[in-house]
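Each of the two complexes below includes chain A, the first together with chain B, the second together with chain C.
So, the complex of A and B:
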């Protein structure tokens, strides 16, 4: 065990035992009505409080014990009064006590009884007591003595609503004087006394904080302390003491006590004065926390039922100018504290003046200036500053919900530059999510630009971005998906504006590099394609005469976009070109549609090298071409494209792919007519019906299948080809004759016979309802 | 000063007269020759003749005698008053009976009563200024004052007031004996103040055995009272400043001071509740 603690315990025990013994004697004497004896024992008991040996904690225990015993004396004195005995001489009598500490405890006790019995004017007694207590200058003993004074008189202060003789002012004077003296002693405790290190002393002081606090509560509880009285008589004096004591701990605690002890409306009425006083506190004081506390209190007050901020008082303005001058006077204030203050101010204005966005902007602007002046940049920013800046960025988002309001804040956007990459990315995603969550379309170029500026770190690899290898792929995908979704909210009902929005977005997305554009450009391209439909619809409705030109522009844009993407993501590019071609086709833009198709071919030829990819790509091309048919493409263009597709199909790597490919390509020569349900039915769709070419394809396919070395696979291919044939037979292609089909069936049958196991090879497609007959034909 | 002498005799007694005397004398204990009478008044209660057996009553009345000194019992000097009754007899020894009186002399309130104000200090370590409300106090007065700390560079432990009586006897130059006695010690401050503090002083005198101040009473002795302000530092070193205060006796019948509301609280002096003044053995009287 700690020898000091052991020693303390022993000392406390000894003292406590003396107190017990003397208290016993005192009570005995009181019971026998021997007041003089009782006072003597009482005084002896109180003498134990003269010790300098106890630590404040032990002293406190002893004090509590003594205080308990003193209640007996107090109640006995009150009884004496009830028995009509004269006790007034006691006030003098106890002052003969030779030692000051017991003398004053007794004096306070008697004085309290006097007030209680209305034998003396409360105000006079209080004034006398508080003055006499100056005799104890020892910090600990003085503090406890004055605490005793304060506790014994707390229900005896003259006030509005009680009959104690004296004015409220006298109560205020008393309380403030006691408070002032207590505070001085408390401050002194930090510098004097054998309490070990400075740190230790401040720890002890913090434990005693409540003693000082309670005085503020007393003042706050006085009915007579109205707002006017507070302004005139209370605050100036309290502040004077707080400012003049020049002690960090005291200034912090007391300012806090004032903030908490008086109503919000009082603070509002004295805001400037109070803030000025805060500005005068010693430099070590954590001014930030105090102001934050005050702001929170006011914000709470404004939000509560009882109070609203006065209309004629610009609370925000006062705060902001006072805070600015406090900042000026405190050069060494850490940047994070400066910002933290502004965060509070931001909260205040958002709570009290939600409609005044200019306040918010002013706060943000100020922060921007401070940050700029500090020379901090994203690479040198500390976690503490980061935290505050992030708050500055997040709070408006949380409060307004509508990102347009946030983006309208001129000073908002640049703040994000002070965040390090990770935090910037988090914030950007936060903002992006807010846009999505709010479903608030950003309909102007400015908004879009602002937003893109804010989330720039998601759009490009900025110079401080971490190495790609360090980024979690899943997170990255999620982040980019988020960005991609944004495009759907960057929308305007005005088509022209919409196009500009896309252009702006495109510029921003385009810098994203290969890893990003595969996420971001496709929705953009699709958006643009949708836009062409809007133009077209407007054009057809006669609303926009220029629509064709505009559509052209859009397609040009789409072309660029896809081209950019295609160089990195050929397969994706190919699909998008096909989609674009289809869209151009529906607009009847032959040249453009053809261009897109040929771009698709180019990609296929130059950039798609993988077997499977080639196979899949060719399936897409054929499918796309077939769907377009000859709506806008003229015969030559279509012919060229179809021939090219067929050729490419036959040049696929695997035999089976070739066979399937050619087979599929046959459909390019046998397309459907206009679909009744189609939205694009307005354009004439010329069907392609070239039975011979179809047959050529089927034959070629069969020839290829014949090269197949795997018997089972070969039969499968044959069956697939047979199915295609039957499809054509069904759709009336006369070039595919029954003879040909029968031949094919024959071929299959013979091949099946050659198989070692008579298992039916897997067909690529299952039977359908209308080809029952065919199944019958090939069944053995 | 009046009374009656009762003579109770079993047999008739012849006498040459019955005399009553009022005697005030003063004596130094260490010097038998110093005894001196400063009051002697006498008159005959009865002319020579015979006292019959039984009780006889002889009233006497000295009127208002001039008593320049109070009764006093000090360390080295005594002032006493006696009523002496002598039944003078020629053949047999005279019958003498003495009864001591305790005389208080009420003083007029001092015409001038300045406060005591003084700045004292030790260079660079301790400077204080103290102030007592007056320099002259009646015996049941209260000393009210303040101590201001102008400079405190020593770790003060406490401050107290000591009330001392200094009794000097003998002729001032020749063989003066001085006896000093501390009558009361009264702590007025606990702990160490800092620069700028002021500490109140309130010291009730009524509880202590005091006499008025005598300045060379009849040139043989003097009694003076001093208030000693003592500061004690952590190393028990004492710093003090002594100030004489003049005490006087107030006529208790003349308390006609304006009673402010405050006096109810008795912050100002009144009669002390239970502390008796020096022993008084018999009725006292004084001048109106």
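So, the complex of A and C:
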């Protein structure tokens, strides 16, 4: 335990024990109706309050204990009065108490009862008491004595609605006089060298603050202190005292006390005067906190049901101009404090004038100017300034919900440039999430550009971006997924505008580099492909004569987009080209569809090297091509593509992949006819039925399988080829004859016989009832 | 001493900022309500004389600052309390959730002789805003039961609902507490002053 605290505890304990003992004797005497004895013990008890050794908090403990005991005396005096004994004599009597501290406590106690007896005008007794208290000039003792005076008389002050004799003005005078004296004692405490270090004195003073505060509360609680009285007779006198004491702690505490103790409506009525007074406080005073406190108080007032802001009074305007002039008079106010004030102002206007976005813009504009003038930039910004700028950016998002309103604030967008990279990224993601959460589509090019500008740090590596190795891969993926999702909310019901939105987004996303475009470009490409369908639908409905031209433009855009992506992500590019080809095909754009297919082949040939990836890519190409079939593609184009796919399939890395690949490619020569269910079919599918080519493929596949070195795998391949054969037999391909199939079956049988393990699981061990047609054709 | 004819009770009202502690006290003591919000600074009391079970009782009711920053001198005034009133706003769950910490803080700081049986009363205030209500009667009652059957009242300082009844219970329970406490002996130091026991003298030498 710290020795001071231990010492304090001991001192308090000793004093407390004496109080207890004397109080016991006092109560005993009171019970026996021995008033003189009681007064003597009471005086002895009160003598403990003469100490100079206790810290304010210890003194307060002792004071509270004494005050609890004094209630017994007070209550006894009241009883005496009820039994028609005169209290006025006592008022004289206690003045003979030897020591001044107990004398004044007793005098106040008796005086309070005296007031209650109505034997003399309350105002006169109060005036007398407050004068008498001047006798104690020791700061701590004097403060507590005057606090006792104030506590005992607070419910006996002449006021509107009670019968105590005197005017409200006399009560105001009494309270202000007591307050002024307390303030003097309190300020003086700061300059009394005897009380240890300056630091200690300030700590003590801060603890005693509460006693000074309470005077403001008394004034605030007087019913007679109406708004007019407050304006005329209270505020000017209080402010004069506050301004003239020229003490930092006193000015801060008292201003705060005034803010808290009077109704919001009073503050509104005196706003300019009050703010001017704040401007007059000594330079060391933290005016920022005081103004923030006042703004918060008024914002709370406006939000409550106790009243509303007067229509004819522009509270925001008064604050803005007063704050501006306070700033001017106080050079060197830290930038974060200047901004923090504006944050409060922002909250005020959003709370009180939610519809006036111009106020919000004014605040943001002012902050922009201040930041620009300060020379701060994103590399030199401090954490404290960052915190305030982030608030300026986040609060409008939180309040409006709809990002369009936020983006319409002209001065909003540039503030983000003052944040360092990490905080900028957090804010950009906050904004992106808000767009997604609000489900409010950004339907104009301006809004889209604004948004992309705000989140620029997510779209490219800006000059202050951390090194890629320092970025957590998972966080990065999450961040880019967020950006990618935005595309779904940058949408317009007007197709032409939608295209513009994609172009704008593409420009922004395009600068993202390889690590980003794999997230951001695919949704853009798919979005554009969907847009072609919108154009087509409009064209077919006769709403857009230019639709074909526009679709071509979109496909050009898609082409560029996928090309940009493919150079970094070939496999993804290949998939997207195939999807684009299918879409172009449904639009009947032969040349374009063929171009996309060719691009897919080029990527396959040039950029896909891994054997597994090749196998997968070829499966996609064959599948895509087969699904397209011959709709828009003419015979030559289709034939070229199909032949190429077949050739590539036969050149895959592994023998088994080759065999399967060629088998699969055979389907390119046996495609479906028109699909009656298809809604997209504007062009009919022309079926491809080239049985001979199919057979060629199957034969080639079989030849490849024959090269397989692993006997078990080889039989497996044969069986797979057999399956394909049966499929073609089933669908009426006459080129695949029973003889051929039989031969294949024989081959499989003999191979199986050569296998060491006779228990090799077979795909099919015999005919089943339901496919008699096929099996009947094959002589088993 | 055991039967002092007049009874002086001390009651402490605690709870978060803005739940209506001052309003409840003003409604009870002065029959007044003001919709103007003013933060309470420090701690202050009002007194009221009431009849409880045929005895004249003077209640000193301490209203406290819900915001700690306004209590620069600490909470010495908790000492000697006969009852503690915990107030929350039925429309603000946070104020209800904080009751625990107010209760604990009181028991630690006031240090009553028998903390388990110290009388508390809980008031759920602002029930006039019925459509915004967030804490049900059941939830509040459950908490009170768990904490040793604390009496619970739902009040409106604004519309003077249940305020009188609540404070009557507060006075009754405080009086019970006071009776238990005041049957005391003179403090040991009192004996020492006038008639030091010989034993202690021996010990000194």
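Operating definition for what follows: the second predicted complex is superposed on the first by the 627 of 780 C-alpha atoms of A that agree within 3 Å, B and C clash if a C-alpha of one lies under 4 Å from a C-alpha of the other, contacts with A are read in each partner's own complex, and residues count from 1 in each chain.
Rule of thumb we're sticking to: a residue touches a chain if its C-beta (ideal position, glycine included) is under 8 Å from a C-beta of that chain, and two chains touch if they have at least 3 such contacts.
As the structure is a prediction and not an experimental result, all values here were calculated from the model.
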Chain B versus chain C as contact partner of A:713, first or second or both or neither: neither
Dominant toucher of chain A (residue count), chain B or chain C: C
Partner chain(s) touched by A:217 [first = chain B, second = chain C, both, neither]: second
Touched partner set for A:314, first chain B, second chain C, both or neither: neither
Contacts of A:138 with chain B and chain C, given as first, second, both or neither: first
Partner chain(s) touched by A:568 [first = chain B, second = chain C, both, neither]: neither
Chain B versus chain C as contact partner of A:639, first or second or both or neither: neither
Contacts of A:128 with chain B and chain C, given as first, second, both or neither: first
Residue ranges of chain A touching chain B (in the complex, touch as defined): 36, 50, 88-89, 91-93, 95-96, 98-101, 103, 114, 119-121, 124-125, 128, 131-132, 134-139, 141-142, 184, 188, 192
Residues on chain B engaged by chain A in the complex (per definition of touch): 156, 158, 184-194, 197-200, 202, 204, 207, 261-262, 264-267, 270, 272-275
In the complex, chain C residues that touch chain A: 1, 4, 6, 8, 10, 35-47, 58, 60, 70-74, 76-77, 79-80, 186-187, 189-190, 192-193
Residue ranges of chain A in contact with chain C within the complex: 17-18, 20-21, 24-25, 27-28, 31, 56-57, 60-61, 63-65, 68, 71-72, 75-76, 79, 151, 154-155, 206-211, 213-214, 216-217, 220, 257, 260-265, 300-301, 304-306
